[in-house]
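Going in written order, the chains are labelled A, B, C, D, E and F, and every chain counts its residues from 1.
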Amino acid sequence: MNLYRYASPASFYPLAGRLWPVFAVIAALLAVYGLYEGLFVAPTDFQQGEVYRIVFIHVPAAWMGMFIYLVMAFYGVLALSFNTRLSAMMMRALAPTGMLFTFLALWTGALWGKPTWGTYWIWDGRMTSTLVLFFLYVGFIALTESIDDERRADRAGALLAIVGSVNIPIIYFSVTWWNSLHQGLTFSKSGGSKMAPDMVIAMVAMVFACWAYSIAVALVRARAIIREREPAHVWNGEAA
Amino acid sequence: MKNRHRRFAWIAVGVAVLSVAVALVLKAFQSNLVLFRTPTEVAEKKVPLDRAFRLGGLVQAGTLKRQPDGLTVRFEVTDTAKAIPVRYTGILPDLFKEGKGVVVQGKMEPGGDFIATEVLAKHDENYMAPEAAEALRKAGHPVKGEIFAGEKPVVTQQPTK
Amino acid sequence: MSSVSLELVEQSELAPEDGFWVALKRDLAIAMQNKGELAQALAFMAIVVSLFPLAVGPEAQLLKRIAPGVVWVAALLAALLTLPRLFASDYQDGTLEQVLLSPYPLPVLCAGKTLAHWLTTGLPLAVLAPLFGLQYGLNGDELGVLVASLMLGTPVLSMLGAIGAALTLGVRGGSILMALLVLPLFVPVLIFGAGAVEQALSGQDTTANLSLLGAVMLAGAVLTPVAIAAALRISLD
Amino acid sequence: MSSVSLELVEQSELAPEDGFWVALKRDLAIAMQNKGELAQALAFMAIVVSLFPLAVGPEAQLLKRIAPGVVWVAALLAALLTLPRLFASDYQDGTLEQVLLSPYPLPVLCAGKTLAHWLTTGLPLAVLAPLFGLQYGLNGDELGVLVASLMLGTPVLSMLGAIGAALTLGVRGGSILMALLVLPLFVPVLIFGAGAVEQALSGQDTTANLSLLGAVMLAGAVLTPVAIAAALRISLD
Amino acid sequence: MTTAVQAAATGPLRAEGLQVTRGPRQLFSELSFGIDSGEILVLRGANGTGKTTLLRVVAGLTQPDQGSVQWCGRAWGAKDAERRSVCLYLGHAHALKEELSALQNLKLALALDGIEAGTEACAHALDACGLAGRHAVQVRRLSQGQKRRVGLARLALSEKPLWLLDEPTNALDAEGIERFSALILGHTAKGGIAAVATHLPMPFQSARELRLEGSA
Amino acid sequence: MTTAVQAAATGPLRAEGLQVTRGPRQLFSELSFGIDSGEILVLRGANGTGKTTLLRVVAGLTQPDQGSVQWCGRAWGAKDAERRSVCLYLGHAHALKEELSALQNLKLALALDGIEAGTEACAHALDACGLAGRHAVQVRRLSQGQKRRVGLARLALSEKPLWLLDEPTNALDAEGIERFSALILGHTAKGGIAAVATHLPMPFQSARELRLEGSA
């Protein structure tokens, strides 16, 4: 099978149509399992007690917020260098989800901070750079929505995504570069996980749930974009 | 040919400038880019003592005392080398405990006390069930404590019985 | 007049670097034409800096405390206000197309234009910053750090701002959209810049913040011209 | 098609007031075309308001202390940044000439345009100001006064700003020149507006400042349209 | 500095003793002419002789040093309301909002002229001016000639008696010029007046010419 | 969508299989042509058929969906340095800084093209293009035709071999058109190439025509 075939909107459209329900179902199942594991099965934490359970939403959301931006930048590189229509569409289809997750990370983080640290917000490196990430998403969406020539909007968005991606390593490493109020890395390559295994299970389930959700939503949005921009392909695709 | 040489020269200049930039970043991370200062820095007067700043460290075990009014507390913040006495009136975060990380904001009093206006608890990146933590402790592997920028990890001191 | 050669490039004597000077001189000439232009960025900064004591009240300690923040935010806003003129007028009158068709490499031309922008906005601000600092009661050393931080930081504002300005060309509500795109990118500069001054105020070592600013500036000088050029090409297509 | 009458005016059925709605609807239609425009002024304000804690440091008391000043200065800058679009694009594409040649009275048209500007910038800011105030730890009553002061004050910013925008049309570096012209006029608004919120913070009576703001706004509503119209005529000659 | 053809000083529109100086240069002085109902006056003259300036003086967008413009015997003041309900001026600039569609632009322009035109009527006028199928495209995307044609559609729906047109056929193709010709002849047939500045041959015979002869 | 005259596919400039889509509309496809050294190609076609777009594609300002533009046998990339030292594009916009004088503008434009022209030479070119005595006037004050003439002066001093001109005679008077004619004939006599999009009769016989015929 030729994979490149699916790089064209015409063949992608039906494929995405078949795939998104699969991912949606996976997301739902994993989320139910992960939340059950996380909220009811995983043990209480020895220092934070019950509030630590926000971790099962906070961390997946924060990771997705950062990861989706990187994926957008990657698609942006493809769109700029190979002029592929589909990667630009995927880039724009991902942005709202990324913004949502970043917002969730900020929000759950703030909610979590009050009982644990004693404050909702403090301008430390990680929180500030996460806020910047959120504004970058807002800027990306505002820019691409304000330009009504689709091709130009795609390319401008791609450039912004690439330039903005310098922020991602800053978010990630901020806790090790600067001393911060935010905790250090629980999951790191060198040290493995500093979380009890029964907590990790729930966490992994939630992370994959968020992945599957992001993919499903991105596919649905990409289909909507194709429908809007290239109605001819939709028809061909459905017929095929 | 000539053009290619020229381009090469410019790329070389670009790379050189970028490496200077990297060197500067590394240099910066060796100095004091901090959200909070350590008790050692305070003791060595590297911190402006006449204005508000943040002080971070561990709550020295056995130093937490409630004042008669029930709201004011006194404790010492330590980085295991030096300790600074802190006074605070207000509600403490739940995670505030002896031997745990804390970040306090406030000002030094002429008397040498740090008057805190805000107390933030700083916890670490370990998550486990209380029984597991207890088991670890019993086995003689204390749970690793706080890590402060630019310093070696500090091991939480066991509360003296 | 010499005869037109169809194989121009092989014989071309143009040094690509010259494009930098051409663009720089061009934009400076245009700026000089309007004698007020230099003065305007300064005057804007002066007004913002003077507004704060009005809005916040005249307490000397408080003012000194917020001085680094106010001066830096003002510099940042002055950059924002002047950035639209970097490309917008060239875009409207069609000269930007000519810039894109110049035989000089576009990134080199963009670098020249960006430097011209800094020379007419950031540099005068940095040089005259002591005047603003004095209003807030800063003294000798502190003023020195203020100037140094602005000298290192304002070029970054011009460089990052140029990307935003190029991306939003011809988009309605462009100037505010540009602000929206560019402000998050300005945040680190603001933090390091104001941070350095604040450290100076409290008598601490300022090298960390200043060297970070310097690093960002150097990296920007190498990398941003390419991004600006790409943004211009996108906007003109 | 009816035959053209050479004595149109005598029979004209145009109500001069209608010009107000024509101009208002026109500018709102143009603003709506760009869905993001409303959101942009807000987002700008949100970012400026978030920048200050970065630049000044996170002390809660200090932040509360400077909150009125910061929110008001941010509102003022949001107005400044959006003002150029009030006339500049109309000027460049030639529609401003058509506005001057409209049978409706120019001051009435200007009033409509100014209201449209306020509806798309000042009003959303005032409505969402509580969100910004919360970041700085303001509470119920204080937020109420903040909203009231912005509701009364931002229209004045639009009205005075329109005069500046009209005067600086077609002048190079116009947006910053406009800022210079207009900022001094904004100062009283800033003082009354921030003053009211500050009084609220310290639990004092705010009616004096608020009624001054109201007075300025009413006077502006009556007088500025004529000034704006005159400025436009001067700029287009 | 002088006018070759001193047009008959009668008719509803009369200019008397107009003088305009630009910088060190007197573009024209003692310029008087009149245009009759149903008449077209074509302004000609080399580049820079003052055709555009003259049209703007009549529209009231530029103040002359001396002289006056009269309508049905009354001299027009600078802010005269009557002038504004009489003059329709189309200049070099297209007077279109680039980010709006042709249809939206047309409606807005008419509303500003005090004319309530339904979507139907506007769409019909655009179709007639060769923009069928382009009503909803942003004007930014239209070609130079298509932008001009939106202006033609505005002329078609206008009710103002005096048209002041600056090089209206620039960028129009042959079909567009024909369309323009039909419009302006229809206008004058109903008793309207037009002054047209141009360098191109005009597609109607009936016009009188006013030739401006600038000093070098 | 098709081209009436498929120009001979030889010569230093060759376009092959160009296709451009704008919105739902395919402006042209499979468009191939070539221009020989010393030749002028006149682009004709109704409003909106894609003449301007085609010129911009050749200049590299717009990316075609398909096809390539070649120079002396090498296909030009999007950012090709050679393309930029070959093409001189004059569009609808005058590409002048309104607040600078004609002389300053001319010098800046030439500097950007990599040409060092002295004040003498520039002033001379402006004089020849009918702007004598107007060198120092801000371009904002110049008439429409005079602005165009600054562009002519730039052509006169240019050394680029390929001229891409979009309706260059718009707003020019008879004398200006003659001047333009002399310039372009001089250019081709030296072996230069020109592509001119226009609706007007051109003042030279020798040209080949490429007619774009748009879909409605």
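Just so we're on the same page, contacts are C-beta pairs under 8 Å (C-beta built on N, C-alpha and C of every residue); 3 or more make two chains touch, one makes a residue touch a chain.
Predicted model only: the values in this text are computed from it and were never measured.
The angle of the rotation superposing chain E on chain F, based on CA atoms and rounded to the nearest 5, is 180 degrees. Annotation: C-F is the more contact-rich of the chain pairs C-F and A-D, by number of C-beta pairs in contact. Between chain A and chain B the centroid-to-centroid distance comes to 31 Å (mean Cα coordinates, whole Å). Between chain A and chain F the centroid-to-centroid distance comes to 48 Å (mean Cα coordinates, whole Å).
Taking each chain's centre as the average of its CA atoms, chain C and chain E sit 44 Å apart. The distance from the centre of chain A to the centre of chain E, each centre being the mean of the chain's C-alpha atoms, comes to 57 Å.
Counting partner chains per residue, chain E shows two or more touched chains at residues 92, 99, 141.
Residues of chain A found to touch two or more other chains are 122, 128, 135, 138, 142, 146. In chain D, 33-34, 36, 40, 43, 47, 54, 57, 89, 92, 172 are the positions where the chain touches two or more neighbouring chains simultaneously.
Against chain D, in their complex, chain E makes its touches with residues 12, 37, 59-63, 72, 78-79, 81-82, 84-89, 91-100, 104, 108-109, 111-114, 159-161, 186-187, 190-193. For chain D in complex with chain E, the residues that touch the partner chain are 1-9, 12, 14, 18, 22-23, 25-26, 29-30, 33-34, 89, 92-95, 97-106, 233, 236-237.
Within the complex, the chain C residues that touch chain B are 15-17, 65, 202-205, 207-209, 211-212, 214-216, 218-219, 221-222. For chain C in complex with chain D, the residues that touch the partner chain are 30, 33-34, 36-37, 40-41, 43-44, 47-48, 51-52, 54-57, 62, 65-66, 68-70, 72-73, 76-78, 80-82, 84-85, 89, 92, 172-173, 175-177, 179-180, 183-184, 187, 190-191, 194, 198.
On the chain C side of its complex with chain A, the touching residues are 163, 167-168, 171-173, 177, 180-181, 183-185, 187-188, 191, 227, 230-231, 234-235, 237.
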